[in-house]
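Okay, so subunit A shows up in both of these, paired with subunit B first and subunit C after.
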Partner chain A sequence: MSSPPAGPTPESNTRRERLARAARNADRTRIALYAVLGALVGFYLAPLEAGLMTAFKTTDAFNRSVPFLPPIAEGFTLEPWRVAFRELWNGLINSLLLAVPATVLSAGLGSIAAYGLTTIDWKYQMPIVALFVAGIFIPYQAVLVPLSRLFAIVDTQSLLSVLWGLPLMEEHYASILNLIVTHVAYGIPITFLLFRAYYQSFSNEMIEAAKLDGASVFSIYRNIVLPLSKPMFAVTLIYQFTQIWNDLLFALVILPSGGGAAAPVTVALNALSGGIVQSFNTQMAGAFVAALPTLIVYVLFGEQFAKGVAS
Partner chain B sequence: MQRLTDVLRRLRPGAGGSVRGSGAGGEGEPGQTASGDGSDAGDERLRADGGVAAAEETGGRRSLLSSDFVQSIPFWLPPFLLMGFFVYGAIGWNFVISLTDFSGLVLPEYDVSNFDLDMYRQALNDPTFWTAAQNTLVLLVVFTALCLVFGLLLAILVDQGIRFENTFRTIYLLPMSLSFVVTAKFWAWMYNPEIGMINVTLSQLGLDVLTLQWISNPDTKLAAVIFALIWQFSGYAMVVYLAGLRAIPDDHYEAARVDGASTLKMYWRVILPQLRASTMSAAVVLMVFALKAFDFLYVMFGNNPGPAADILATMMFREAFGSNQWAYGSAIAIVLFAMALAVVAPYLYAEYRRGEL
Partner chain C sequence: MAELTLDGVTKWFDDGGDRIVAVDDADVEIEDGEFLVLVGPSGCGKSTTLRMVAGLETVSQGDIRLGDHSITDEPPTTRDIAMVFQSYALYPHMTVRENMSFGLEESTDMPDDEIRSRVAETAEMMGIADLLDRKPRELSGGQQQRVALGRAIVRDPEVFLMDEPLSNLDAKLRAQMRTELQRIQEDLDVTTMYVTHDQTEAMTMGDRIAILDDGRLQQVGTPLECYHEPANQFVAGFIGEPSMNFLDVELAGGSLVGDAFEYPLSEETLADLEGHDSLVVGIRPEDIELDGAADASHSYPTTVDVVEPMGNENNVYLTFDDDASAQTVVVTVSGMRKVDAGQQVAARIPEEAIHVFDRETGRALHNRTLDRAEVTEPNV
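And now, the complex of A and B:
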């Protein structure tokens, strides 16, 4: 704790500094506090740590050693990682093909919708705003049967049959496209809410001035609102990316059973246990492989992620 | 915003323009000829010197649409239609299916004369449904309450002006960034009765009595699931409470201190009541997470977690996609939807009343 000035002035008498003073008076409380915080770190990281250690152990080693201890000597192996990467590679590609466009589209659509219903202010917009916001809270079970019916009726694969002959195109991209559309549609409510809260904080004067200069609603969005939205785009993109990457339910319902060639990494990871009994080392390695992109995003942009979840 | 509206009214007296169809938001390039529909020619628009606006004015033929409402349509309507179709259209469709007898591999028949509530009747007479509904409620209430309590304690600890606050916060929130699939894999391993971390640790501490078959024993199954979910989401409650705590002015702490309140009393009497809004919003979101816990249960137990941990979400999925009882699954989904609505609608209404929507 950086020490506050010795003679406390009224201004410096803030809560945090007061707490700091109290802390110096009660070192023992302080130590206890850090002990508790440290124990909690242990609690939150224990499953990850045990998983990581297990992923480096041979079957024999993880069956006989303590889960959270590192592997020793001949108990060490990289084989689980090799297997996990091999089994999940297609899933990683599919997840990337799915998550990136879906994230960008849902963020963009959320932004323009929020602009149309927030910065442009008109009288009876509240019911529409409410419909957007309520969309965040619906349990997806309530749309699963219709979704499976919808994609049975709308056969994207035949509709786009022209495309599959082209180089770099594969037929299973049709299923990924279905998933993208679905994720975009169900992502719009949350991105809408994030952008709406942000646009509400814009000053009226700025928009007003642009209006007086004769700027159209389109150019106000493009030249003023969109450039100012960058921080919120960061938050939204990061939040949506983790949400879409982590989803299992839609993939289970929309993809042909078993996921087929289009299975995203979550489906592939879930299937990883199938067949091989008790291969916890491979499963743990697979869990880390599947979680890697979101972990990287989280470690790099934890602040934005926290903002996303807090609102 | 009201002022902007007034300004717009003054600027655009000629009401009644036509709607531009395209939703492309990127127009308004200087000098670009926007695809105007050529209405409102006699618009007495204020002109300003220079800048983008002048360039656009000379571009000239853009349609000067009248009201804010009409102008806003290209922005919100396309996303609204997409979202509305998938969310509300699908819920409506789901409700219609729940009125039919759609099952098996045949196509559904939407024949109004055959619509009935049989599927709901079937649910009410199905003991599995009642078990699942009960488990859903227990999960919802216990998970949410414990998460809130735990999150509040975390927030208070982190708010003590500690060093490395960001690091602690990041670690506590980390599990939330993981997929249910990943966390379920981790916890299946943690709970493994022979070689899992929990039982191994317990027996090393000499507490062999406590080593249970956590996720196969019906008595502890749901509790084990709830515990893992709290591990994953208490960081979220912490973040919300932390924002709430930071919003409380310092002098409230000061005043309580001057009055001689103990720390515990201060938090209980002074701070906690001011966190009502945080509690409300965190509780609603946590309940939504609990309703979405399907992925976790599905990865851990497959589509049938057994009566001890079966929730409506897993039951719905099993009936519809496991047994092809589409109509029955839809009916269960509607019940689930009604439960979510009962939680969310009052919250949204309260937010609306407070002007915070």
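And now, the complex of A and C:
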């Protein structure tokens, strides 16, 4: 028998060398990769960093130093933040009153609509699905005039006049209500589509098993579909919250001119920068204050969000 | 009482004006406590039939009765039927306990502590009591399978429907679950309709089996009836592993004449074939004898082509010596017997074991003769 001898053969020696060379090469490409990634991070974060630094500088320090350098000694101040908070406080409250219900409603209604049009089979559902999908493609600009006309005709403030006398209620909530209705209506098509794609991936047999277990259409939604929708709820909640929180256009069109007491934070931020003297530090602080809630939402739902996007 | 009756059940799908018939006029009666296996190749309509009984598909024509009331138009929620799916279809976000309780919570107004004790009892029986607080994704395939069964059993339904419940298990576990499922069904004595494409499952598990092909019921009978007295060539070929051998023959002068052989028939057999000329003769692999007793008229010189050793037996593929078409015939012989490829052997085809089918219709004209005493119900 002429079997090859045990132990390292010339062939396996060269293979080891090849492996070592590959490892060195990998190191080099890895260094290059990290360098590129680092440069990209710096590129994208630079404006943010400069903004943050500016927000902590006095106007004087801002005028005399490069924007991305940190404030030094007497150039440091918290005053811009104090001003921004004071000016934007009302807007933050309004935005929360607007964004939270509008987000929850558009996600919830989108989910229910998707369940009814995906998991349950009935005749003529496709035209309705087509209508929902068409809703996504209507541009904002096309509905601005009809919207302002609509809320001029449907005067929620006088229609709901009985409510304004109640404790904790304010008359300007009527304008916020208008905004909520608009954002919910505008958000449902996209949340519907996201949920529909998600529900289509559900096992049909699981829903059938629930039917045979005696569960009604509503019970299947509440006990099976809704609990399994958590990842997609995270996606739609983050998406819708960011959209609604950052919206300026609808607020400008639907609210009485100038926004008044109902102005959300985006309108207030706009007003903050509208002075004759440009105070960049206050504007930067204001921008961060206005962006804070969306950041918090991302942190809270981030893990679920990743799961939902991955599915 | 819960006998399940399918009365002329038909299902068709409309496909742009064309009517595609999935199940054609199926008549089956399943007695109370009976285990009926619905078997057939894929696409034969067996799952559709099961889903119609479950209420997941509408019935195009005919009637399904449970006991003496029709359930044809009842929704699946109220039929009091439990089903085990091939994919198990467990609720992934619920624990095993919640999975098993869900049906009782939804379909009955049983108090919580009674549901709890029934679930615990069933879990004990299924050997999954220690898994009750786990989620389905933490279970192995076999454990999920048990949970799916347990979920059906705990409901104590009138009828069990099972849609290829064992096909996702590995071979060893499948054989084990097959026995266990039979034992459970016997203990519970619940009417069961079981769908499979696996003829071994059909043979071993069913009280009776119903063989379906192309939407039509081919035969309903006990496993041994279907094995020994197939109604047609399809059933004969489908039941049994390895399959029955089929050879095309013509009837001429009191003999069956094939490409490579001539097979003289007795008067009795001939009487069954009256009026048919184009025939197919069938013989089960285990009925062919190699080097059998000298019976010149039913023995043929053959060559061994391939031998598949299975341990307990060998599958031997033979070719007729002077056969131009090189048609092979499979024979099973004892595993202890040594047969080699290329060897010349005499194959004897005993007349009492042959089946004869009409070549056009496939209908069985003559089935093997049986010593009746051998085929009585097994002693339990």
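Brief remarks follow.
Assume the second predicted complex is superposed on the first by the 269 of 311 C-alpha atoms of A that agree within 3 Å, B and C clash if a C-alpha of one lies under 4 Å from a C-alpha of the other, contacts with A are read in each partner's own complex, and residues count from 1 in each chain.
Definition applied: a contact is a pair of C-beta atoms (placed from the backbone, for glycine too) under 8 Å apart; a residue touches a chain by one contact, two chains touch by 3 or more.
Bear in mind that the values here come from a model prediction, so they are computed numbers and not experimental data.
In the superposed model, A:L228 makes contact with subunit C only, not with subunit B. Once the two complexes are overlaid on the shared chain, A:Q141 sits against subunit B while remaining clear of subunit C.
Within the superposed three-chain model, A:A35 lies out of touch with both subunit B and subunit C [touch as defined at top].
Counting the residues of subunit A that each partner touches, subunit B and subunit C differ, and the larger count belongs to B. In the overlay built on the shared chain, the residue A:S219 is in contact with subunit B and with subunit C.
In the superposed pair of complexes, A:T294 makes contact with subunit B only, with no contact to subunit C. In the superposition on chain A, A:L45 contacts subunit B only, with no contact to subunit C.
In the superposition on chain A, contact is made by A:E208 with both subunit B and subunit C.
The contact surfaces that subunit B and subunit C form on subunit A in the two complexes overlap at residues 208, 210-216, 219, 223. Subunit A makes touch with subunit B in their complex at residues 1, 13-16, 18-20, 23, 33-34, 36-37, 40-41, 43-48, 50-51, 54, 62-64, 66-68, 109-110, 112-113, 115-117, 119-123, 125-126, 128-150, 182, 184-186, 188-189, 192, 204, 207-208, 210-219, 221-223, 242, 245-249, 252-253, 266, 269-270, 273, 280, 283-284, 286-287, 290-291, 294-295, 297-299, 302, 305-306, 309-310. Within the complex formed with subunit A, the residues of subunit B that make contact are 1-5, 7-8, 11, 23, 25-28, 34, 45-48, 51-54, 56-57, 62, 67-69, 71-80, 82-91, 93-94, 97, 108, 154, 157-158, 160-163, 166, 168-183, 185-190, 192, 195-197, 200-201, 204, 231, 235-236, 239-240, 243, 250, 253-254, 257, 284, 288, 291-292, 294-295, 298-299, 312-313, 316-317, 320-321, 326, 329-330, 332-334, 336-337, 339-340, 343-345, 348, 352, 357.
If you check the complex, the residues on subunit A that touch subunit C are 203, 205-206, 208-216, 219, 223-224, 227-228.
Interface of subunit C with subunit A (complex): residues 54-56, 75-79, 81-83, 85-87, 89-93, 102-103, 106-108, 151, 155.
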